[in-house]
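Chain naming follows the written order as A, B, C, D, E and F, and within any one chain the residues start at number 1.
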Amino acid sequence: MKLVTFVSDYKMTVDTLDRLKPEKLGIILVQNGVYHATTKENGKPSSMLNYSANYYVLQEDLETRGLSAANVIDSKVKVIKFGDIVDLMFNEYDKTAWL
Amino acid sequence: MKLVTFVSDYKMTVDTLDRLKPEKLGIILVQNGVYHATTKENGKPSSMLNYSANYYVLQEDLETRGLSAANVIDSKVKVIKFGDIVDLMFNEYDKTAWL
Amino acid sequence: MGKLTIGCFASLVGSTNLDFAVKLSAAAMEKGHKVDLWVSGNGTMISIKDQRAFKDYSSLEKPLKELMAKGLNVTACEACAESRGYHADHTLEGVKRFSMDWYLGSAFDADRLLHIGGE
Amino acid sequence: MGKLTIGCFASLVGSTNLDFAVKLSAAAMEKGHKVDLWVSGNGTMISIKDQRAFKDYSSLEKPLKELMAKGLNVTACEACAESRGYHADHTLEGVKRFSMDWYLGSAFDADRLLHIGGE
Amino acid sequence: MATTKLGFVVTRPGYKSENPKLALTHAIASQSVEIYLKDGDIVTADIAFVGDGVLNCLKDQKAVENYDLNSTESHIKMSLLLDLNVLVCREDLDRFGLSEKDIVIDAPEFGAEVEVKVVPYSEISQMMEEMNHLLFF
Amino acid sequence: MATTKLGFVVTRPGYKSENPKLALTHAIASQSVEIYLKDGDIVTADIAFVGDGVLNCLKDQKAVENYDLNSTESHIKMSLLLDLNVLVCREDLDRFGLSEKDIVIDAPEFGAEVEVKVVPYSEISQMMEEMNHLLFF
């Protein structure tokens, strides 16, 4: 399957992502999930960025928290808007998971 | 201070307990926090049991989850009821923290 | 153009999950998709009418009404609503109330489904 | 005997935090303590009257009424309630509604305070 | 005549949040969805407990006694009565040192003929592949 | 004539839950609590951001623009205007590679005369010792 997952928390209480092995994986960082794209702890990026996946982060949720594209620490994470989420869901992936 | 803390989750998203160093510390495991008293992962007890503290677990919340005093893995954890929580709060501790 | 079914189970004011669901509905409709929004659990909070809009609390009555006027289909879980004291006479005009099978019925012919569960 | 102030910010049906607050109130009153219960955020859900009691959802109207009859003091955050569409005319009899300073006023002479925040 | 398959995946322990319970009540609602569909069309619901979600399956839950609330155990049994496919991840049970004897497996007192299946994660993964939509709780 | 000191401790990041915001609005309510008290009695509110809670203090939060919602930033500034003691844990800022220039420090546009204090955890610990009651958010 082609699965796009939504990560909405900074500290995760589930480890579902470690075991999902879809043919194609997208990770959209939303709400407090956006900190995975912007925040290093003790100089280390979040392990959330270690999956073999296409990464996206929601611009509105960055801005709400005082962050912006300039704060994104890894160029593989693409800043997107709600309309882009719709296109990803319909055109690039066939199933979704909100973790 | 004499601090009694309530732990209501199994997976914690805050590490507050690591830094609190009260003169006297009590930890009451309630709701999904009761699993810290009963559940080993890969044979290892929860690190929640590693603090230098007096430990308690709420009987009602054990039973609701299909657990009982017989499942408590460490004898230092005392099974208590709501009335005991009241007595602990008023007689043994002066401040509370719900983490 | 396709059909998107969104299920949202978390509350309006306590989290931004419902804000997310409403904004995603708007974006999908703008692109010509049909959208069904199912709210269950604390998410049924969105179905109450006359929520006072303060700047300290998120308020979705206005955007929801605008989207419903454009065809957004919003249904609340009846049992979840009733158990919270949200009765039919306090329901926002246009919001339907059905039992949980409605969500599954909507999923039947959905091209995509986004279930927002979590905490 | 002392005074216990409990503040509960999470919801009735979505979590058992309010169940916990009500059971702890009952236990404290049984031991002769005076109890103030402040509900804010989604916790204001407890203040609505006519919540239908299903066995699949926790229901606190009955124990709450019994405890209020015995002196439990329950107050809901007015802004949190209004923003959710919980208005005065749908409030459970005996539950008061004040602004947030009420909680701090209750804390002033409380011997113990338990603030149930969390998620 | 079409079938849409929904996969309900429970990843969190229960009671603190009502979500694990709502997973089961929504899955059970697949039995009455026909009123919204054309003759012959159906929606199926498979349920999987993975990660800390397997803790929902412990037996002897006294939720009625303590919180006047139907237990998650009783909802699992109801799912069995309705012939739903209920999977529990064996690796996660192992991680917690739990076995079949600790969890709800059958519901003869409800008249249920199917049982909970304790399976390796690979089978749950396979189930997720086969579904049209996934719902994580 | 008595004083009760309340310590509001914010340990989680904001917006996903409304709790960090409620910490600030409740702390601000210490300014109007007198109506419930006798002359001369007061309730004070100190606020500390620790752990992931320090992320609430980032400046330039566009919550009004995106969610039509007052930002946590504006509530911190309001707390400064009201002379509340606002502490931010230096070790946690360091852990995130953040410094004073990244977070809300003052609110001259509100007419606030006090500033946010970035302090070592030991000072927050000391504050907690001095309080009569603690409220963790």
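Here is the rule we use: a residue touches a chain if its C-beta (ideal position, glycine included) is under 8 Å from a C-beta of that chain, and two chains touch if they have at least 3 such contacts.
Not measured: the values here are computed from a predicted model.
Peer 1: Fewest touch steps from subunit A to subunit D?
Peer 2: 2
Peer 1: Return the chains common to the contact lists of subunit C and subunit D.
Peer 2: Expected: E, F.
Peer 1: Tell me which chains count as touching both subunit D and subunit F.
Peer 2: Correct list: B, C.
Peer 1: Let me spell it out: compute each chain's centre from its C-alpha atoms, then which one is farthest from subunit F's centre?
Peer 2: Between subunit F and every other chain, the largest centroid distance is to E.
Peer 1: What's the farthest chain from subunit D if centres are computed as the mean of the Cα atoms?
Peer 2: The most remote chain is A.
Peer 1: Can you work out the whole-Å distance between the CA centroids of subunit D and subunit E?
Peer 2: 33
Peer 1: Quick one: subunit B and subunit D, Cα centre-to-centre, how many Å?
Peer 2: 24
Peer 1: Round to the nearest whole Å and give the separation of the Cα centres of subunit E and subunit F.
Peer 2: 43
Peer 1: Give me the residue numbers in subunit E that touch at least two other chains, ranges are fine.
Peer 2: 12, 15-18, 25, 52, 67, 132-134, 136
Peer 1: Going through subunit D residue by residue, note those that touch at least 2 other chains and give them in order.
Peer 2: 13-16, 41, 56-57, 59, 80, 112-113, 115, 117-119
Peer 1: Give me the residues of subunit A that touch two or more other chains.
Peer 2: In subunit A, the residues touching two or more other chains are 8-11, 13-14, 31, 60, 96, 98-99.
Peer 1: So that we know how the chains sit together, what is the shape of their touch graph: line, ring, star, complete or other?
Peer 2: Basically it's none of the tidy shapes, so other.
Peer 1: Under the stated touch criterion, can you name all the chain pairs that qualify?
Peer 2: A-B, A-C, A-E, A-F, B-D, B-E, B-F, C-D, C-E, C-F, D-E, D-F
Peer 1: Considering the complex alone, what residue numbers of subunit E touch subunit D?
Peer 2: Residues 15-18, 21, 25, 64, 67-70 of subunit E touch subunit D in their complex.
Peer 1: Could you pull out which subunit C residues touch subunit E in their complex?
Peer 2: On the subunit C side, the touching residues are 7, 9, 40-41, 80, 99-110, 112-113, 115, 117-119.
Peer 1: Which bits of subunit C are touching subunit F when the two form their complex?
Peer 2: 13-16, 19, 55-59
Peer 1: Which stretch or stretches of subunit B touch subunit E in the complex?
Peer 2: 8-11, 31-32, 35, 39-43, 60-61, 63-67
Peer 1: Please give the residue numbers of subunit F that touch subunit D in the complex, ascending.
Peer 2: 2, 4, 6, 12, 17-19, 22-23, 25-26, 28-33, 35-37, 41, 43, 45, 132-137
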